Structure formats: structure tokens, C-alpha cells
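This report refers to the structure that appears directly beneath it.
Just so it is clear, A, B, C and D label the chains in written order, and each chain counts residues from 1 on its own.
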Amino acid sequence: MVKVQHNLIAPRRIRLGMVGGGPGAFVGNIHRHAARLDDQYELVAGALSSDADRNRAFGLSLHIDEDRLYADYRDMAWREAARVDGIDAVAIVVPNHLHFPVACAFLEAGIHVICDKPLTTSVADGLRLRDLAKRMGCLVLLTHNYSGYPMVRAARDLVASGALGEIRSIQVEYAQEWLAEPIEARGNRQAQWRTDPAQAGPAGCLADIGSHAAHLAEYVTGLSPTEVSAELCSFVAGRRLDDHVQLRLRYPKGARGLLWASQVAIGESNNLTLRVFGSNASIRWEQASHHTLRYVRLGQAAQHLSQGMPGVSAGANAAFRLPPGHPEGYIEAFAQLYREFALALRAHRAAKTALPDHLPGIEAGIRSLCLIDAALASDCAGAEWTEVPDPLKLPV
Amino acid sequence: MVKVQHNLIAPRRIRLGMVGGGPGAFVGNIHRHAARLDDQYELVAGALSSDADRNRAFGLSLHIDEDRLYADYRDMAWREAARVDGIDAVAIVVPNHLHFPVACAFLEAGIHVICDKPLTTSVADGLRLRDLAKRMGCLVLLTHNYSGYPMVRAARDLVASGALGEIRSIQVEYAQEWLAEPIEARGNRQAQWRTDPAQAGPAGCLADIGSHAAHLAEYVTGLSPTEVSAELCSFVAGRRLDDHVQLRLRYPKGARGLLWASQVAIGESNNLTLRVFGSNASIRWEQASHHTLRYVRLGQAAQHLSQGMPGVSAGANAAFRLPPGHPEGYIEAFAQLYREFALALRAHRAAKTALPDHLPGIEAGIRSLCLIDAALASDCAGAEWTEVPDPLKLPV
Amino acid sequence: MVKVQHNLIAPRRIRLGMVGGGPGAFVGNIHRHAARLDDQYELVAGALSSDADRNRAFGLSLHIDEDRLYADYRDMAWREAARVDGIDAVAIVVPNHLHFPVACAFLEAGIHVICDKPLTTSVADGLRLRDLAKRMGCLVLLTHNYSGYPMVRAARDLVASGALGEIRSIQVEYAQEWLAEPIEARGNRQAQWRTDPAQAGPAGCLADIGSHAAHLAEYVTGLSPTEVSAELCSFVAGRRLDDHVQLRLRYPKGARGLLWASQVAIGESNNLTLRVFGSNASIRWEQASHHTLRYVRLGQAAQHLSQGMPGVSAGANAAFRLPPGHPEGYIEAFAQLYREFALALRAHRAAKTALPDHLPGIEAGIRSLCLIDAALASDCAGAEWTEVPDPLKLPV
Amino acid sequence: MVKVQHNLIAPRRIRLGMVGGGPGAFVGNIHRHAARLDDQYELVAGALSSDADRNRAFGLSLHIDEDRLYADYRDMAWREAARVDGIDAVAIVVPNHLHFPVACAFLEAGIHVICDKPLTTSVADGLRLRDLAKRMGCLVLLTHNYSGYPMVRAARDLVASGALGEIRSIQVEYAQEWLAEPIEARGNRQAQWRTDPAQAGPAGCLADIGSHAAHLAEYVTGLSPTEVSAELCSFVAGRRLDDHVQLRLRYPKGARGLLWASQVAIGESNNLTLRVFGSNASIRWEQASHHTLRYVRLGQAAQHLSQGMPGVSAGANAAFRLPPGHPEGYIEAFAQLYREFALALRAHRAAKTALPDHLPGIEAGIRSLCLIDAALASDCAGAEWTEVPDPLKLPV
């Protein structure tokens, strides 16, 4: 009799666990905010710190029950898998070299994975994860979070619509300043693991932020580079990994790219900027003014597209939480991935659907690793043009 | 024995109720996001809609227990006050004319209040609330949310430090475009109540956004206007309240101000900008680039202050959740008020402390109502300079 | 036989004299650059300084023949009028109180006038000049130089096309910082005469830059205010004229305006900004980014119009000297008035044509003086709404 | 007896001739405006067009005497050299392939040269010109006009002061859109010669605007690249020269550079941007906002330096013609080179002084040609790192 327009029953919140993200960690904190914002998750288990006391204390402060705070992530995976109310998914926010073993443990237990980028530290490990996830029927979200910004969605949809014509050139840069001095030698923990090959893998700046720039370019244009000519530099004395990289990229059908990433660029706190030039039009997006997409058609006035305007796709508009002119930000973009992953998990539960295209996953992660590998090889060979392998053609 | 650095026990979450904020409401949704972001609140009760079915359905979708979804806010106040696990605070997000009766109901039940602005629709009602809150020993937070932006805090602290010298001129504007057409006549609910004197009170644009601009200026400078010369306009045919206002303000010690607010300014989606000019320096803050505070000392290069830089106060830096260069936004600023109100409620519980100075409350709300009253009077009298009464001197 | 597309004979350069503009003068120097840029003038006579030695020395450095350097402007007017190769026009760049007598002397001698603003220091003098110029058949250019910017022309033509719909609100501001301290008491000559009622007239900031703002608004919108409510302030101790003004303006058909001008606004070196809001669209132009006109139609993406784009009038495009993307500036805008006045003088010589509409002249100057008068009166009357008389209806 | 502070006698204007720059030419027109602005030159002779009728008609329209309008530039050089009042200097504004023969003709006649860039189309020709100019005792100005912008001077002086510390990275880009379509096939003359190897030389975009970017970087930092890895692209079907280039550069002491230039970048009308990152600070300068130099020291607020502020050199301030906040532009920057070259010519006449360091001349031109050569070679060799020869070590 009652004509209710709204669901009587809210969908159950996704039960989430977290590995890593102890006190002071940047990324873990972001993931928690992102999970919380739209109320689609509840954080109920964790192996937050390798220090048992810190793990317990910090976990309790997050309202996690004591018996679901685990000293060991493998233990967590098995025991949670065994619970009736066990976690549906785990967020992996540990240093890069641990992404692979931790992801394996949870996938083997049949638990879906949200993994910070890079997926792993080698292409081979990435392929193994792909295989494992497929075998276990699990979804993996890779938090290339810039793809959660509404106007990045608008850019992607605009390019896909053909509005730019044939893509000619892709210019992307990601510049930071926080490693301009050798702070890893002065006790900065975030800097320590990121500049340590044993924890970060063979690439420094390239993997840490260059991979974000590469993913953003790929996400918006739908193009993956086929060749790279790379130069990796390390400007700070004693630094063991690159802190500044300059890549030239070649794409199918003749498009060219330039990717510049630096962590020693004083004056650039966190500047991620993408420009795509086509034969008919261009777009420009900057994280610092992420609400706007500059769009210029040949011979026309520059348009500053934003929420709700003609030219902005329905998908982009749906990714806004607030009315036009009300600033959103990094947390909201990150939360967008979490929100959409919650929908993906529910759809998967109901019908075994795959991760939707607009969410970055294992494939994107492997492509990124292939590019990093090829760039390292090119740099060693004196900037030689080096092929970027296609992960679909890689042996499993 | 265990030397833990972190609290073993997380402080209990504040139990929150909400009145108003049904499906489609803008402000209610913001309050929920703000309450959620830092995990200091749990929403456990509500009278979300005057339509019982909508109330029930929407409340369940928010994970509120059915028996704590109330058809009547008075009922909610009494019954929640009677529960052992009753709400600690209520968020009031109804149209303006209901702020007063709803706030009264909860204050009388001894429940703390988070109220959207304006506090009430008349100075007299504001004074009654002040009296009631004092009598009941309850805290009231008025969500003038712009005061939650970190760089607004930086601006306030910079002015307080005397860096600007004697303040000469305050220029503040808040311009929107969404009421450029008579959308209240075309079924837009947000527009309907905001342009209806019976629901919004005697002022339209002036109360809706002009009050935000006035509060921002006061919050940053510490100055309250003593006289106003006002012009209220209504540009859209058939509109019953002002949609565009221009105020000149006089402050103690000779400072002058200009306040311009419009809801028919096509091209300005939500532009809130404050400039303060002193005898030694000036500052400029815009919501659209809220991470930066432009600061210019006479004869010096313009400085673009942001997080962590010299000249930015500790309080401002503490209000950031992310590292420099990672955009935050409107929700984060709103959440800052919620986060700090949670601290204030815990301190109050422990030691009966008052609302801290940096949080807007009843006093700010009454000053705002006094300004609105004086502006309405000035406009009627042909822009005559009109005294803005000092609420401290008003009879209770 | 020869089919030449180009004029065999260049039109003779306009012979120009100058009164004022001695060494160190700002405005005189600008006029000389403006006259020179397009090679339509030659400076052949002058009374550049009241100091005879300075006049002679400076005049010679400008390549003026010694016998055409005059100690007295009246002497200059008579003697130049008597020469076969006498000046066609004179540029008047003296302090305000001398505009009237100097202009009279040259007009009476039948010499065309280029006069810096304000036209005179009283409406009555302005009306006398109007009469005199008419009687003598002379053209008068008033160098409201902002009207020479190409995108100001684009703005004017866009408004005239009806693209904005009915104009609702005009917001214009002109803010400078150079008088933030009492530099007139420290020997600054530019400041001395501008803050001295005997030389500048009864208004300071209002006449000096407020008049530019008022003219810009009028030039772009075609609307002249009918009523003003004004507040004039003087923030610097000992200053004898206003250094900060806030005007509200009413226009025919209900449009409203706000004009803010200040010379004590630290951090604003020379910020002239105009916004016009209509029922269909808005425009924004700032001198600091004068190549671009922001144009927003309701519900559409913001367009950044510039040279050569659809929506930019032919007249605006014709006012550019360089291809798109090559910055022009203040001198070029000023020179635009000189260039067009040269054309106007040649047309006048041929066919007694009047000053074209797009060049500011005596009428604009008188309207400006009427506004200043009314603003002074309103301020004295406590911001009372005061009628701005229509110069066409003023007795001659 | 008379104590005059000012020169009684203006220095004689430099007598200038021009080769090229007929009706419709962009660069010739700029040179004329630049020569005119500060009144240090008079244009008295020309071979403006290879079409005799156009030459004569256009020359007369520029007030050049008919007998000094020459059909042949060699004829002009000889005959002007023979006149008592012959030209002091010639401005060469012909297509690139003619720079060398025209410059030779005038240098051999002992006439100083102002030459548009590039100096010649081969290093060998450049070296020959160097030798010839030295032998004849003539000065050569190469109009790399961006070095005339005041804040470029400020940047150069700031770097020279050591404020940036050790330079790590130089990022420079010059992007235009005007060749995004094959307009050379549609009759556009400017495009025709610039895309024709016979007239433009072996490089297109690289020589046309890439050379400006390279010079700007060198001018500001004082560093010349020692190695280049280059990619030249041609995106428009049928185009015979590069229209898009991407260079990586290596400098002495380990600094790295990235140079991107494109003439097919839709949406970028004429974007020239330089960023220099050092170990202590960075700077950023963009032509589109050329009045400001962004300067950031590690850990400090970003400073927006402009005219007259602490940190801006005396030389930079001297290059402004107007007070702060009054926009100057491209013509003024170009005119700065002309103004300073007039001073250099007078000093040379008096004391055989050389071209001052802050003016670009033959050496800068040869370095630019060396870089172009090396970039062409690197591109042919698959982006191989290629040495840029040092012109000082090249055989004469």
C-alpha cells in the first residue's frame, strides 16, 4: 500500500580491513577518509602496524574491535575469511615491496583487494596477481585516485566522444618539491622508504608519481605508449633512486607524449597537469584547479567547462557531491573510487560482474609497470627508444 | 607495563540527531558528510522529513534504527532526552523560520544544538535562544562554515597579530547565479523556501548568503559594523525577497566596508571573496582558491601564503587534513566545525567550558540578525546610515 | 599604367603641440609615446614646463625647434595659430585646474584639443568648453584611455548587440596603493597636486581614478547613472581630499551599480575591473589581463574571448596591432585613441564630421563632472540618494 | 650662467634602413613600432619588397623619400654607405635564407646590423658573419626579443645573484596553434616560407620558435646545453618541416633541461613559459603574465615579484616605461632592444665598445644554430644524446 520512492533497506555496508596505515601514515589516513565519506564501508579489522602495541592502540582508536587487530597480515587473511562477518575487502597501504605478498594473502583467502599504487614492483609479480585474482574471482581496485576527479571523467568522456579529433600530443607533468633536500637522511619516514630500492622497488620518483601522471594520461586519452625514450636523474647527493624523470612517449597512430615528473621542483607543491592536443581541439586539466577543464576548439574561444555545463558528461556530473562552485578535493576524488568500488562489489556479488572500465585495476597496474621497466631500460641505454610491452601479450 | 603512545580507548562518538535534511536537501547532506568525515559522530536519530514515509525510508537508508525516526521533532527531543543512549546533539537543517522552534525544543530537553545559519529570523528570537541555551547549559554551534577553511583561520590570526596595521577597508562579496531566473515559480524547492518570506524571513539574498559574507569579514577582522547604508534589490519579476544587495558598512575607529551579495550574478557560481586593507598590509582570500591567502605588505612582493609556510599560524596548519598541494574543500571546512565542536562538547562535559572563540555560535548569529535588521531599515529609509545595535546591549 | 594597391602618398602627419608634460611627468610621457607609436603625429611645439630653462632643455631633447618652445601657453596658442605650419592639435597634460584655461586658449585659436581627464574641475567650465568647441568647430578628445583597449571595445560591442539581455548590475572597481602613505608630505610631486584641492579640484581619488572607472562602465554599457549614493573617505592623516570612495549607482530601467575606487589599497597596484551582469549573460574585464574578456551565458561554459574569436567584434579586432597571444598594453590602448583621433581630424578637415561615438569627448567629460558633483553632494548629505543631472538638459 | 640639468642637445636619431618588411609582414611591422617607440631612430631608407611597385608605394606611406627606396638590397648598401647622411644601421626582416647574404652586403659596406633571428640557416654562415662583423668593426643585434622584457631581466639578474643555488632543471616551452592546419597550402604567406626548407632552412618550428625558447633559457640562466636528445615531429599531412619538437638538454655541472615547442598546439596562442629550478629556489616566467616573476625559496611563501619590489634588479626596473600596474607588452620589450642598441651604437661610435652582454648578438645566434644542428642530428639518430658544439671552439 505504501508508495515509497526510496529503498526501505540500506544496502549493508562493505566490511573493510586495512593492512598498513598506522599512525602518521599519509596514504592509510586518506583511504580511511575515503572509505568513510559516503558511508558505504565500515572498518572492522586491521594489521595497521608491524609494532603490535601501536597496532592495538591505533586500531582501538579507530573503533576496531580488539580481537580483529592482527599482528600478522596472513593471520588476518585466514581468520577473517573464516568469520561469518569477515571482511569483504582489504585496503593495502604498505610500502610498495609488500603490495605483492599482502595482496596474494588476501586474494588466496577470497577477499577483494583495494591496493595503493604501484600494483607491485615488477611486471612478473603483477602478472601473477592478475592470474590469482582471476582464479579466485576477486576484484582488485588500484587507487590511481586522480581518476576519481569529476572533471577528469569529463575529460575522458570528451576525448572518447571524438571532440578532439585525432590526438597528436599528450603533455603531462607531476612536480613536487618535498624531496629537494636529503630528508631521508634526516629521519623523514615517508622519504626513507620511498628512496630505498629495497622497499620502493627499482624506480623512485618515476614509480611514486610518474606512474600517476602516466595513468592520468592513459585514463583520459585511452592511449597506451608503445615506445619510450627516458632520462632518470637523481639531483640530491646520496639519493639512491631517481628524483626527477623526463620521458618522451610514442603512441599508436603517431601521437607523441612528454612526461615530466620531479620531486625536487621547489615551488611546485603538488602540481599535476595534463594537456591533450588533437587535430580539432585541446583540453587542459590541473589538479590545483580541478573543478575546471579548459577546452579549446580550433578558432573558438577557450571554454572553461565545469559541473553541469553543456559538454560535461553525465558521468562527470554524477561524480560531484556538491552544487557548482562548492570546492571539493582530493579526499572526495579518492572517495569516488571507494564509492564506485562498493557498487562494483555489490554487482559482483549479485552477478559476478567485472570491474567497470572507469575504475583502475590490475590491467592498468601492469601497464604502468611495463612502462617503468621500459623507461629504466631506455635510460640505461642512453635514451634509446625502447618498446613498452603490451601486457595482454605477455606470458602468464 | 605496556608503554603505549596512543589512547587505548577511542573517545565515544558523539550521538547525533538531525531535524530536516530529507532526500534532495542540500544542507542536510553537507551536515551528514561533515559529521562523518572525521568519525567523531554517529547519526542515530532523525526527523528528516515532514512526510512520514519519506522520513522512514530515508532514515533507514542512512542506517538509523526505525524506532528513532520521528514524525515530530518535539517528540524526538523528549524521547531522545529520556533515553540512556539518547543523542548528545542535534543538527537543525530546516528552513529558516523553523530554526527557532526546533532549537527551543532541543535546548529545553538539554540537548546541544548545531544550527544552520541564520540563527533565527528575528533578533528577538535570537536573544530568547541565547537566554535558553545559557539557562540549560547547552552549547550551540552556528554553521558559518567558511570559518572552517584553514586559510581563513590563517587570515584571522594574521590580522590578530597586527600585521595589517590599522584596518582601513573591508571588501567582501558573495555572488551566485542560481536565482537569475524565476526558478521558484518552476518548482525548484531550494528556491521556493528561500524566496518565501514566510519560510525564509524578511530578507532573501541578504540572509542567505550576505550573512555568510558578513560573518566571514567579522571572523577574520574581529570587527563588527556599527552603521550600515543598504540597498536591497530584487531583479527577477515576481520575486518576493531581495536577490541582490549592496551594503556600505562603518566600523569602530573609522574602518569602512563594502558588502555585495547577489544570487542573480550570471557567471559567478559561488564566488565568496574577502579583501582586508590595512595601513601596513592587505590580505585577499577567495573560496575558489581557498588554499592560498594573498598577503601584501607595503612595498613588498605579493606573497601567496599556504599550508606550512612562515606567516601561517599553527591553528591554520592544524586545520589541514592533507599535505600541501592536495586540494581540500567545502566538506572539509564544514567538517572542521564538526570536529572542533566534538572537542568542545567533550570539554564541556568534563568541565562546563564554553564554546571556544574560533567557533561561531549564538552571539555571532545575533550580530548577524542585527545587521540584517539595520540593513532592511536603511534600505526603507533611502540608504540612510542606520545604526547596527550591539547585541550585548540589547535587553534580554 | 601602374596598378598600385597602396597609397602613393602618406597622409601628412598631424602637427602636435603639448602643454605640460615636462621632465618626470607621467601623463605627458604617455601622450608622447601614444602619439609616436603609429607615426600619425609629429611633436613640433610645446610649453612643457613653467620653468623656462627646463622647458627649453627638455623641448630640445624631444627634437622640438627652439623657436617653438613657449614659456606661455597663450603665447603658444596665438603664435602657432598664426603659422602656416602651425600645430593642428594640442595635447593638454597639466594639472586638472589648468585644463579649462589652456583648452580655452587653444580652442579660441581654432586648434583641436586632446585633453587629459577630467575635462575641467566644474560642470560649469565643462559646459563653457562645450559651447566654445562647438562655436570654433574644433574637435576635443578626452583621453579616457581605457576605452582604447581592444577587448573593452569587444565588451562594448557585445553589450550593444544585446547578448547580455537586460542589464541588471554593474560592478566596477579601480584600486591603487600608491597613496597609502602621506607621500604628498614627503615631496612626491605627483601626489602633491593630486591631493591639493587648488590644483586637483574638489575631488581626489574620485576624480583621478573613480572617473576612469565611471567612464569605463558607461563606455561599455551605454548607460549613465541617474542617481548616486556616495561615501568619500580620507584614510591618510592630513590628506585634504578623498583617497577612497564607495558609490552606489542607479541607472534607467532599474539597473544598479557599485563603484569602488581607492588609492590606499595596499596590494593593488593598478587594478581596474569591470563586471556587467545582465538577464542572459555577464562579462568581466580586468586591466591586468586585458587581452581576455570573460563572457558567460546562463547555463553555458565560461568563454574567454580574445582576439579573432567568434563573438569578438570587427572593431575590437581592428584595434589590435599584433597577432593573438602577443601582449599589448597601456601605451597601445592610449595610442589607439591617438590613431583614431588622427583619422577623425582628417575626416573633419575633409567634411566637418564630428568626433565618432567610440571616442570619448566633451560630452563624456561633462557627464563625469556631473557624477562627481552629485557624489560630493550625496556624501555631504549622509549618503542620500542624489540625482545626477543630464548634461543635455543643463543650461549652456 | 644657466644651470640646466638636462641635455640641451638631443642626441641625433639613428638613421635606419630596412630590408624586407613589406605590406602585411608581421616582423617588419614590429621592428618599425619598436624603432619608433622611444624616438631614437628615423627610418630613412628601405628595400621593403622585391616587388618594385609595392616597395615604392609602401615606402612612401612610411614617409621614406622616394630616392631612398631601393629595388635591390646590395644597391641600397652601396649607395647608403656612400651618402653623407647614409643609414647608420639596417634592420633585416627577410625570410631566414636571406639573412646571410643581406647581412653580408651591409656589413661589407660598414653598416651596423639589426637582424631577426635565426642569424643564418647554417653554423658555417654564422661563423662567416662573425668574422666579417669583427673585421668591419660593426655591431650586430639579433632580435631575440624576449630578452627585452623587464622581468626576464629580473630573472637573469636573480639567477646571476646565486639566489637559486645550483641549477638543477630548466623547463621551457613555447607553444602556438596557428599551424594546426595546413594553411601553407591555403595561401597563407607567413606559413608558406616558414614551412619551406628552401626559405626557412632545415628546421621549422625548432628554428622559428624553439630557438626563442632556447635563447630565453640561456639568457636567464647563463647556461648553454652541451648535449641534446631530440625528437622532431610533423603532425600536419604534407608539411615539409617539423611543427612540434621535444628536446632533452644536458648542461655543464649536471643540470637538465626540457624544451618543448609546437605550432600545432590548439588552445595555446603564443605561450612561452620558462621555469628554472635550483637547489635553493625556483623561478617561473610566462609571457602571458610577463609583468610578474614567480619566485619561491624552499620552505617560503611564493613571491610574485614585479616592478620596484625588493628582489627586482635595478636593470629590470630601468626597463619599464610605465609605473607599476600599467601593462606593457611585446612592442615595449622589442623596443627595449632597439633603445639599448641605440645606446650601444653611440658608445661604439665614441669608443669602439662592443655589444653589451645583455643584448643578444652573433654569438647567441651561432650557439642557437649549433643547437639546431645537433638536434636535427639527434633526431635522425633515434634520439641519441648528441654533443652541442661550443662555437668558441669552432674553426673560423
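Going forward, contacts are C-beta pairs under 8 Å (C-beta built on N, C-alpha and C of every residue); 3 or more make two chains touch, one makes a residue touch a chain.
All values reported here derive from a predicted model rather than from experimental measurement.
Undergrad: Common contacts of subunit C and subunit D?
TA: Intersection of subunit C and subunit D contact lists gives A, B.
Undergrad: If I average the CA coordinates per chain, which chain comes out farthest from subunit C?
TA: The most remote chain is A.
Undergrad: Between B-D and A-D, name the chain pair that shares the greater number of C-beta pairs in contact.
TA: A-D
Undergrad: Hey, how far is the Cα centre of subunit B from the one of subunit D, in Å?
TA: 56
Undergrad: Go ahead and note the Å separation of the Cα centroids belonging to subunit A and subunit B.
TA: 35
Undergrad: How many angstrom between the C-alpha centroids of subunit D and subunit A?
TA: 45
Undergrad: Where does subunit A touch two or more other chains at once, residue-wise?
TA: 268, 302, 306 - these are the residues of subunit A that touch more than one other chain.
Undergrad: Considering the complex alone, what residue numbers of subunit C touch subunit D?
TA: Those residues of subunit C that touch subunit D are 2-10, 13, 23, 26, 29-30, 32-33, 36-37, 39, 53-54, 56-58, 60-63, 176, 178, 268-271, 287-290, 306, 321-332.
Undergrad: Mind pulling up the subunit B residues that touch subunit C in the complex?
TA: 168-169, 171, 177, 180-181, 229, 231, 233, 235, 244, 246, 248, 254, 256, 258, 260, 262, 264-268, 275, 277-282, 284, 294, 296-298, 302, 382-385
Undergrad: Which residues of subunit D touch subunit B in their complex?
TA: Subunit D reaches subunit B through residues 295, 299-306, 309-311.
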